[in-house]
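The two complexes that follow have chain A in common; it is paired with chain B in the first and with chain C in the second.
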Partner chain A sequence: MLKQHPTARFILQRAGWYLLTFLVAVTINFFLPRLGTSNPVDIILAKSTGGLSAQAAREKEESYLKEFGLVKLDGHGNILRDTTIRMAKVWDASKQVSVSKPDTLIKPIKASSLDQFFTYVKMSLSGDLGTSFQKYPKKVLDVIVQAVPWTIALQLPTIVFGWIVGNVLGALAAYRRGLFDRVFFPVALLVSSIPFFVFGMLLVYYFAVVLGWFPAMGGYADEIIPSFSFELFGSVAYHYVLPFFSIFLILAGGQAIGMRSMGIYELGTDYIKYAKWLGIKESRVLIYLFRNAMLPQLTGLALSLGTMIGGALITEMIFSYPGLGMAMLSAIQNNDYPMIQGVTLIITTCVLIANFTVDIMIGFLDPRVKAGLQMGGN
Partner chain B sequence: MRVTKMSVLGLPVALSALLLTGCKGHRHSSGTDEFPRDQTLYLAGSQWGDPTSFNPLAESWQAAWPVGDRFNLMYEPLLSYNSLTGQVEPDLGTLVSKDNDSIVVDINPAAKWSDGKPVTSDDVKFVFDLGRRYKDAATAFAVEFISKIDVKTVDVKGAKTERLSFLVDKKGRDNPLVILDLLQAIRIVPAHVFEPLIASNNNDLGAVKKLKIDSAPVVSGPYTLAHYSNEKIVLERRDDYWGNAALHDGKLPAPKYIIHPIFKSNDAFAIALQKGDLDASQTFIPRIWQKFKDGVGTWDVAAPYYVPGAIPLLVINTTKAPLNDRNFRRAMAAAINYADIKELAVSGYANDIKSGLILPFGQEGKYFDEAEAAKHAVKPGIESAKKILADAGYKAVFKADGSLDHTTDKAGNRLPTLSIKSPAGWSDWEAMVNIAVKAMRDAGIDVREGFVDAGLYWPAKPSGDFDILMDKPAAAVTPSLPWSRFEATMSSRNWAPVGGDNKMNENQGRYNSPKSKDYNPKVDSLLKVIPITTDSVALKKAYTELNDIFLDDQPAIPLVYLPEQFYEFSTSSWTNWPTSKDPYAPPLLPWVGASTKILWQLKPVE
Partner chain C sequence: MKLLKNLLKSPMFVIGASLFFGTILVALFAPLFYSVTLDRVGEQYAAPGTGHWLGTDNLGRDYISLLIMGLRSSLYVGFLAGIIATALGTLLGIYGGFKGGWIDDILNMLTNLFIVIPSFVVLILISASFKDGRSLTLIGLIIGATTWTWSARAVRAQSSALKSRDHIWLARINGDGTLAILVKHILPYLLSYVFMVFILQIASGILSEAAISMIGLGPLDTQSLGVILNDAKSNGALGDGVWWAFIPSTVLITMIVFALYLINTSMEGVFNPRLRK
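Now for the complex of A and B:
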C-alpha cells in the first residue's frame, strides 16, 4: 500500500529503525552502570558509617537497600534473607592451633538487575524516573527539569550561532581564498584546537579577574532571588557572556575548518566547473556550492543539538554554571542508577529525535536521496 | 547574499556589545536593596551539589547546609567544643560535670524554639531515643554509648533548670569520650513538631526522613532558612534568638543574611575570595600568601598559616604479601620524603611531622612523648629504607637507567606491583601520593599510583579492596582525639576478613586480626581503657604505649598534618575574623561548633 507513497514509507521505515535503536540504547543505559562491582549503597555507607558497630552498619545498609529497591521483599514489605553456614579458620590461643568453626551468615537477598529493569520500565512508562539515591529524596525528574533550561539556554544559541557563523566564514574562505583565507584559516585552526577548559579559564582570568568586566562564575548574581524581573534577566545576560564565548569561538572555528575543506572539495567538482562554464551568476554558483557542502555539516549540527542536553560539563565547572553536566558527572561517580538512567534516557531521546529530523530533512535536501525515493528505493 | 552573511556574523558581536554597555559598572560586590553588602555575609564550601532536604532527622549526608553535619545556625547541639582551648562551651546546654559514669548537662533555661516554646529535656530525649525506637534513625549509633538519660529539676542561680545525666553504657561501649563527642555532634530538634509528624506518618520514620522541612522550620538557632535553589542557600537572622541575650551579652549577630553560593569547582573559591565576592571559605588554595595583597587572610601570616588538626595517611592492607611483613611496611615509611610532601603537596601548610598518630602540639601535645616515639620510629631516608629491605631479604632490581624494575622477596620470587588507591581529582592527595610513590620506588619498593573515581574509592575502603589506601581518619577535631584516630586506624573491635560482603568501618587495613596467632591483645585493651582513664599521667602512658605499638608495627603511614578546615577569609567587606593574633574562636567557618560566635564579632567595612 505504501508503494504509492515513497515519502511516507521512507519516514515510517526510518521511524521504525529509530524506535529499535531507542529500545536497545535504553537497555544498555540501564545495564551498563550495573556491570561494575560497586553499588550506590556501598558508596553512601562508606561515607556515613564511620564509628558504627558491625551490627548497626549492617542494619543501616539494609534500610538503604530497602529504601532504594535493591533487595527482594516479601508480601509485608520485609526483607527476604538468605542463611549460609560456612567453616572459618580461627586461632585458638589456649591450644596454640588454628581450628575450624562454623560461621553463620544471614544476608538480604538482593534484587537482580532483571527485576530492577522491569520495575524501571514500568515506572518509566508511567512517567516516573524514580528518586535519586545521591540527591535523596529529590526526584530525578525534578533535577532534570531544574537543570535543563539552563543547559539549553547555554548550549542552543552557542551551537546554532557557532554553526552558522563558522559555516559562513568557512564557505567564504573556501570561495575567496587569497589573503582572507591565509589569515583566517590558521586563526580558526588555532582557536578550534584550544581545549575548552583552557580557553574558559583564560577568559575568566583576563575578563573577570584582571579587567573585572564580567562576573567570574554563576548563572546570575548571588544576591538575586530568582523571580520574573528585569533585574534577574539582566544579571543572567551579564553572567552569560563569558560562558557563551568560551564555547562559541571554539565551535565556530571547528565548523569553519570543516566547511572550508568541504567547500574547496566542492569547488573542484564537475558540476561547479560546468556551472561556471555555462556562465551562471556567481551568487547562484555559491548557493549550489553551499547547499552541497552543507550536508555533512548538517548531520554534525543535529548530533551536537542532540547531545547538548547532556550539558557542557567543562563550562559548568569553570563558571560554576547551572546545568545538567555536573549532575550527570556526580551521578556517574556515585553510581546513582536512577539519575544515570533518567539523564541518559533524555539524552538518547534527544539525539534520536535530532537525528531523525535531519535524516528526514536530508531526504528532502539531498537530490540524490530524493531521486532514490522517487524511483521507489530507499 | 553578502548582506545576509554580514548580518549573521554581526549578531553575536552586537549582542555582546549590548551586554557590555548595558551592564558596565554593575559591580557584583555592591549588593542589592534586598541584600545590602554590609549586612550580607557570603560564605561557601559546606554545600556541594543541589540542596535537597533541610530535614534535621535526615542522614547528615542528605541534609543540606546548615542542617546536616556540625553546623550550629538553625538547629543547635547541647555543647560546642573549642579545639583551640580544649574547652567545652555552652550552647543549648551547659556542661556541669563529666566522669566515667555520666556526663551531666544543664539545659539552658533561656533556650527557646522559634515558635516560642522552651527547649526542654523532652526534645533532648526525643532525639536520643529515636535511635532506640528506629534502627534507621540517624542517631541510632548513640544507643551503644548512652544507657539512659536521667532528668531532674534543680535550682541554678535562682532559675529552675532541667539537669540531664547521660549515663555511660558500661555494658556497651563504656566510652564517655564519645558521649562528649555526641553531645556536640547531635543537634536537638523540637519534639513537639516531629513527634506528631511521625505519628501522622503511621510511625514510619523513613517517610518522615523523606520530608524536606524547608518552609518555616521550627528552629532554635540564630538563623533560619529564607530561600534556596540549586545555585545558593540564603539564611536570615532571627532577631529573637534566645542566645543573643543568654550567650552573647544581648548583641545580635552582625550579618542579617548569610548567603552560601554553591560552586562546582575548587578554582571558583579562590577566584571569588580574591574578588571579594566571598567573605570566607574552606578550600585548599595553593600559595595562599600570594593572595594576602588582595585582602585574603588566614589564621597566621607566616607558615604554616593554618592550625593542624588531622593526619592524612596511607592505610596498608596488612593481609596481603609483602604488606603483611612489618619490615616491608617500615621500609615504606622510611623511604617517604615528608619534607617534600609538606612543601610541595600542601604548600607548606603544616608543621614538621613527628612520628606516630598523635599531633605533637595543641590539645593532643600533652599525650606525645617525643623521646619514646624516636626510640620506636623508623629512621627516615632512602638509605635507611634500603637497609631495612635488604636486612629482611628483599631485593630491588633496577634498570640500566637507574629506575626500578621490580622487587623480589626472600625466596627470590618477583613481588606484584603495589598500588596506592586514592580518589582522582583530589589534587592535594594526588600530589602526596605522587611524592610518596617516587620516594618508595627510589628505595626499591615496586609501588604505583592508583587514582580511581570516588565511586570506586569509597566502597573499596570498608571492604579492604586495596593494597594501600589514602585516607584521613577522624578528620573533624573533637574532644575524643587522638583516641578516635587510633581507634579508626588500629581497632579490631569489628573484625571482618577481606572479601565477600565483609566490611570494616575502622582499621580497614585489617591490622592485628584477633583470629591470627600474632594477635596483640594490648592494642584493643588500650583502646578500651583510654576513654575511661582520667589520671593524666596514666593517660599519657597509655597513649605512649599505643603510639609505640603503632610505630613498631606501622599499620599505616602518616604523611603530613593538615588543618581541620582550610580557613580563609576576605577583609574586603567584613573584618575582625579570628586569627593567631586575636584567637577568640577556632579557625573554622562561623557555623562549626564554637566558631559560630564569630558571627557576633564580625564588623562590616564602612
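Now for the complex of A and C:
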C-alpha cells in the first residue's frame, strides 16, 4: 500500500529512523553516567543514609531504591523481597527486653543493570524522568517544566531576530561586495568566532560592573515575588538585555557569513546573470537570489531552534538566568544524576525533533527531493 | 607550492597563520624565558603591575604562569581532539564513500546517528561520571570521539564523488587494490579538504574544552583556559570587577579560534575560486 504513497512512506521511514536514534540516545543517556568511577547508584545510597536512625535510614534507602528503579518490583509497585524469613532482635520497650521477631523489612532484591535499563526506558517513554536527587522529592520533569519557559523566552526571540538580521546583512554583503563587504566580512567573522560565554562575560563586566547600566545576574530582581505584575515584567525586561545581546550578535554574525557565501555562490549562477542581462530591477533580482539561497539557511534556523534548549546552557550560567542551564549547573555541582540525565534527555529530544522536522520540510520544499519522491524513489 | 604561494597572497591567511603559530611558539617556549610556577606568590587577587604583570588569582598564584599552562593545555586538547576526529572521520568517510554498498550504508547510518545526538551532551554525561579521574587527555579523547562525525560526512561525500572518475577506473584495471587506490588516487585529492576539516576540528576542540570547563566539568589534573574562567566565575571575580581574572583568558581563546577561522576561510577562498574576486 505504501508503494502508492511515496510521501507517506518517506515520512514513516524518517520517523522510524528517528525513533531508532532516540532509543540509542536513551541508551547512551542511561549507560554513560554509570561508566565512570563514581556511579550514581553508589552516590544515591551513600547520601540517603546519613544522620538518620537505623530504621529511618533503611526506609529512606528503600524508598530511594524504589524511586530510582534499583530494586525489583511486583505488579503492584511493591518491592520484591528475599522470601527467606530472618529473625531480628527488636527492643521491646514495655517489657524492657529484646525479643526475636520476624524482620519486617527483609532485604529487597536488587535489579540487575539490564532490568534497571528497561525500567528507565519505560519511564522515559512515559515522560517520567525520575526524581531529583538534590531537590528530593521534587520530580525532575517538574524542575525542567519550571525552567524551560525562561530558556525559551531567552532563546526564541534571540534566534529569530539574529537569524533575520544576519541573513539580510549577509545577502547585502554578497550583493554589494566592495567596501561594505570588505569591512563587514572580517567584522562578522571576528564576532562569530567569539565564543558565547566569552562575549557574555565581557558584556557583564563592562555594562553591568563597570558602567552599572544593567544588572549582572538573575532573571528578575530578587525582591520581587514572581507574579504577573507590571513590576515583574519591567524587571524581567531589564535583566533580559545583556543575555539577549550576548547571543544575538554572535548568532547574527554567523548567519551573515553563511548567507554571504550562499549569496556569492548564487550570484555566479546563470539565472542571475540572465536576469541581470534582461535588465530586471535590482530589488527583484535580490529577491530571487534571496529565495534560492534561503533553503540551507532555513534548515539552519530549524536546527538552531532545536538546539535552543541546550544552546544557552553556558550563557544562562554566566548570567545566573533561571533557565535550564542553571538547573543543570546546580545538578552538576550536587551530583544530581537524575536531573543531569533528565536535562540531557530533553536537549537530545528537542534536537531530534528539529532534525526530523527539517528532513520532512526539505522533502516538501526542495524541488529536487520532491521530484525524487514523486518518481517513487526513496 | 603554488598553493602555498596563493595562500600567502591572502592577507586573511597570513594574519590567521601568524597568530596561530605565534600562540604555539609562546606555548612551547614561554617556560624557557619565564619561571612558570603554581605556588602562592602574592596576596589574593593582587592587581596587575604589583610585581606581577597580570596580577594574581584567588589563591595568590601568578596569572602569567596560569595562562601559559592554560594555553598549553588548550592547544594540547585542540590538537588531540582534532587529530582523533579528523583521522577517524577521514578513515571512515573515505572508505565508506569509496566502497559503497552495505559497508557504506552502515557507516553512513552510524555517522548520521551520532551527528544528531548532541556531542556536548555526551561530553557532559561522560565528564560527570568521571568525578575523580577526569584528566585533560581524557577530555581530549572524548571530544575527538564525539566530533568525528562531521569530518566523516564531509569526506564521505567527496570520496563518493571521486570514485567514478576515469583515473580510478584506470587504477583498477591496473590491478590496484582498494588500499592502494585510496592512498594513491583518492587521498591526494582530498588532502586540502581534510586539512581544512582538521583546522575546524582544532577550533571546536578548544571551544569544547573551554565550555565543559566553564560548567565545572573540566580537567582536574591541570590548568586550562576554561578552568581559569570557571575559577574566576565561581569565586565571584566577574561581579567584583577583577578583570584580570578573566579578560586575558577570554582574549586568548577568542584569538586562537579567530586565527583558525581565518585560516579556514582563506583556504576556502583559494580552493573555491568563485569566492575569490
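In the analysis below, the second predicted complex is superposed on the first by the 274 of 378 C-alpha atoms of A that agree within 3 Å, B and C clash if a C-alpha of one lies under 4 Å from a C-alpha of the other, contacts with A are read in each partner's own complex, and residues count from 1 in each chain.
Just so we're on the same page, a residue touches a chain if its C-beta (ideal position, glycine included) is under 8 Å from a C-beta of that chain, and two chains touch if they have at least 3 such contacts.
Please read these numbers as outputs of a predicted model, since none were measured by experiment.
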Contacts of A:Val209 with chain B and chain C, given as first, second, both or neither: both
A:Thr348 touches, of chain B and chain C: first, second, both or neither? second
Partner chain in contact with A:Ile332 - chain B first, chain C second, else both or neither: both
Contacts of A:Leu286 with chain B and chain C, given as first, second, both or neither: first
More chain A residues in contact - chain B or chain C: B
Touching partner for A:Gln255 - first (chain B), second (chain C), both, neither: neither
Touched partner set for A:Ile340, first chain B, second chain C, both or neither: second
Chain B versus chain C as contact partner of A:Gln116, first or second or both or neither: neither
Contacts of A:Lys138 with chain B and chain C, given as first, second, both or neither: first
Touched partner set for A:Glu316, first chain B, second chain C, both or neither: first
Shared contact residues on chain A - chain B and chain C: 36-39, 201, 204, 209, 216-217, 317-318, 332-333, 335
Contact set on chain C toward chain A in their complex: 12, 113, 116-118, 120-122, 124-126, 128-133, 203, 207, 210-211, 214-217, 229, 233, 238-241, 243, 246-247, 250, 253-254, 257-258, 261-262, 265, 268, 274-275, 277
Partner chain B, residues of chain A touching it in the complex: 36-39, 42-54, 56-57, 59-60, 63, 67, 88-91, 93, 96, 98, 107, 132, 134-138, 143, 146-147, 161, 164-165, 168-169, 172, 201, 204, 208-209, 212-213, 215-226, 231, 234, 237-238, 240-241, 244-245, 248, 283, 286-287, 316-318, 320-322, 326-327, 330, 332-335
Touching residues on chain A, where the partner in the complex is chain C: 18, 20-21, 24-25, 28-29, 32-39, 177, 186, 189-190, 192-195, 197-198, 201-202, 204-205, 209-210, 216-217, 261, 264-265, 268, 307, 310, 313-314, 317-318, 328-329, 332-333, 335, 337, 340-341, 344, 347-348, 351-352, 355
Contact set on chain B toward chain A in their complex: 1, 5, 8-9, 11-12, 16, 19-20, 22-24, 26-28, 31-32, 34-35, 40, 42, 49-50, 52-53, 59-62, 135-136, 140-141, 144, 178, 206, 209-210, 212, 227, 229-232, 234, 259, 261-265, 267-268, 271-272, 274-275, 277, 453-456, 458-463, 484, 488, 493-494, 496, 501, 503-506, 514-517, 519
